[in-house]
Amino acid sequence: MWLNKDIVSIGDFSKEEILEVLERSENMVSYAKTGHPEKPLRDKIVATLFFEPSTRTRLSFESAAMRMGAGILGFGALESTSVVKGETLIDTVRIVESYSDVIVIRHPMEGAARLASEFAQVPVINAGDGAGQHPTQTLLDLFTIKRELGKLDNICVGIMGDLKYGRTVHSLSKALSLFKIDLHLISPETLKMPKHILKDISTKIKVQEHEDLEEIVQDLDVLYVTRIQKERFPDPEEYKKVAGSYYLKTSHLQKAKKSLIIMHPLPRVDEIPVEIDNYPQARYFKQAAYGVPVRMAILDLILRGE
Amino acid sequence: MWLNKDIVSIGDFSKEEILEVLERSENMVSYAKTGHPEKPLRDKIVATLFFEPSTRTRLSFESAAMRMGAGILGFGALESTSVVKGETLIDTVRIVESYSDVIVIRHPMEGAARLASEFAQVPVINAGDGAGQHPTQTLLDLFTIKRELGKLDNICVGIMGDLKYGRTVHSLSKALSLFKIDLHLISPETLKMPKHILKDISTKIKVQEHEDLEEIVQDLDVLYVTRIQKERFPDPEEYKKVAGSYYLKTSHLQKAKKSLIIMHPLPRVDEIPVEIDNYPQARYFKQAAYGVPVRMAILDLILRGE
Amino acid sequence: MWLNKDIVSIGDFSKEEILEVLERSENMVSYAKTGHPEKPLRDKIVATLFFEPSTRTRLSFESAAMRMGAGILGFGALESTSVVKGETLIDTVRIVESYSDVIVIRHPMEGAARLASEFAQVPVINAGDGAGQHPTQTLLDLFTIKRELGKLDNICVGIMGDLKYGRTVHSLSKALSLFKIDLHLISPETLKMPKHILKDISTKIKVQEHEDLEEIVQDLDVLYVTRIQKERFPDPEEYKKVAGSYYLKTSHLQKAKKSLIIMHPLPRVDEIPVEIDNYPQARYFKQAAYGVPVRMAILDLILRGE
């Protein structure tokens, strides 16, 4: 059911379809280290069009493509300046589709990936479109929870940080609402989850908002931390005060379950101090690593299907 | 006859040699989509040295190399700054040739590819040298005509736009003069085909100059449109007036043959409006796509010969 | 004994280990041209993290990886700006290691590669860390001497140019001191080899310092020339005067042994004039070419061992 599909928004996919990706990803975990022995995508080319910097996502897609035997062509943000010089995104996509079998696109403009998918005859994967979507991040987030906790149902998930502007947490919240999850949103008043998303997910699962991690940390099975960006605050002093309250501390972990898993989409700055890296609960580097098997599964499903 | 040859200028090749590329390209069309099943260039490395931006040509060469199984290394315009830092082009070429089996070079300086070819012991392919040559573009242009029209002889070809500065149309005109073609050159007075080229091709085929596409559109089998660049005009008003007369309009197509094919080396700006993309005559995206099979054929001929 | 080892400094390796690389490199020389027929690293991914420009070293590593069948991902200096944005080197390394099997790193900060190697679980190869080390350059330098002269013992080696700041010559001198070599250091007073290095190597081999190549050129089996950088001199006139005395001249070669080999890590500027390129003694392009087999051997030893 994934063959030749575009992946623009996580909202386009059913729970069943998501579970199929997660299951396929499970098979890819060992191949993500050793390379798939059959190189099943050896005749495929993955185009990576990055109109905005995102070395991490790009390298993870490239690693996934290589582990499956596919070739890679494309450009990073800096080179893209020459591409767009007087050329529309649609023209670029219509040309690049004839050089490749699937297009992975990151673009600063919300809706760019959707637009590209409407014109391209090859499948398009959205690798982030401005304030919009980043669906493969959500899939790897779900995979991390499922694999590290062993389940996606009957768990208590906290998401902390900038819930207003972070595209990652919007997509993730929507996706989590497909499962039996108690969701706790932890953020400053000014960076709360937008009303329309809150309303949507509240109809499906139990959601509670908090301003302080202390209130809820002991109940959590998953704590998903995100960065609060300085740019969101006109006053640097205000930023410091607010952001500091959403830094994870080792004292939080003393109250937490031993089985808690801590996630972060990375890069992190101060919101998780490096001493927490050595705690068994820290799973954010593992989460980043799961980007490879999940993207291997996605490329495989889109390019080869069943 | 192509083994180990440099491809610097289309003028270096006979009609017979050109036809051999076109024939080999025909075999590559299906492999350009699926990858060549034998990966005949799996032991070869293609170096792409782009001292000037050209993402389209670079990606097309890279796709061609991958479809044949070859590896690719090189740099784009931005990285090249570090290469050239205090190093001559010749030194760069002499080093890179020991890392690769063929060098594809784009350089802002006319004659750069010729110079490189004189020092390199591996074959050099000119991917554009300033106002000079871009021979693989000409080969893909010829291939597009042959494949889309079914023939290269006894046809009527119009070339419209900036005929003075456009290296693409200079090479193409010379190559077309090897075949039985009626050539129509459509341009403003100030951007006419240079006298020395006109004189050369006029000895071989019938050439007529026009200032208005209306005069001749109904007779054409091929209309090759090129961009008129703003930079050529000191006065922006003058540019607007002149350039606008060389924009293709749907009204032109109503007078044209149904079998007309419209080509453009891309990127296009305003000279072909997007509504024409849906006309059956529009072949410029197909033309761009043919860059892959033609370059597959070229790499195969140069690196493996017969 | 090389399996999974980091290569941070040439000083970390014994003479026996170095000789093993040189021997393995010998086997790779023909494969560096044709590609290794077995593609022994076809399931491996080499990450190249270049936080500083070095197209030559990067392309040579990439060629080596491809010739062995490995995949390559990474970034050049320009793209790296986005990687480091608010992210520590350690975080970057911990993420990229999950996408790859070995990390090749160039970084402007001395000690960066060592730091990376302490955190990475995959092997790390130092491709230059500021004023620090560049051990694979030293290995290819040794290989060039061994292969071009036929031996590494009982020879007379001159190193000329900037001996104070050049990391290449520091590592090379230390490595040469493992063999039976008469070492001659030729430099201006202000750019002499640092005392601590001189002291170290003088305990092992005979070392003499010179200010003029004329004094010793007739005795040399190897002349290793390096660039004197303008930036080292506050006064451009002073630079001109000093640097000019360390330019190689054809008159020097008239006094030299016929069997002399001239080396240079490249890029060269004025210190070796192009007319010397045609002398049989000139081996610096061959030396650059040997970067491929030596790096093939290194990758093979680290990733596959015996």
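Labels A, B and C are assigned to the chains in the order they are written; within every chain, residues are numbered from 1.
Basically, contacts are C-beta pairs under 8 Å (C-beta built on N, C-alpha and C of every residue); 3 or more make two chains touch, one makes a residue touch a chain.
Since this is a predicted model, take the numbers as computed values, not measurements.
Undergrad: Give a one-word verdict, same or different, on whether chain A and chain C use largely identical residue numbers at their interface, taking over half shared as same.
TA: Counting shared over all numbers used gives less than one half: different.
Undergrad: How much rotation, in degrees rounded to the nearest 5, is required to superimpose chain B onto chain C on the basis of Cα coordinates?
TA: Answer in degrees: 120, to the nearest 5.
Undergrad: Could you tell me the distance, in whole angstrom, between the mean C-alpha positions of chain A and chain C?
TA: Inter-chain centre distance comes to 41 Å.
Undergrad: For chain B, jot down the residues that touch at least 2 other chains.
TA: 78
Undergrad: Write out the stretch or stretches of chain C touching chain B in their complex.
TA: Result: residues 34-35, 37, 53-56, 59-60, 62-63, 66-67, 72, 76-78, 266-269, 274, 285, 288-289, 291-292 of chain C touch chain B.
Undergrad: Which residues of chain B touch chain C in their complex?
TA: Residues of chain B touching chain C: 42-45, 47, 71, 73-75, 78-83, 85-87, 90-91, 94-96, 98-100.
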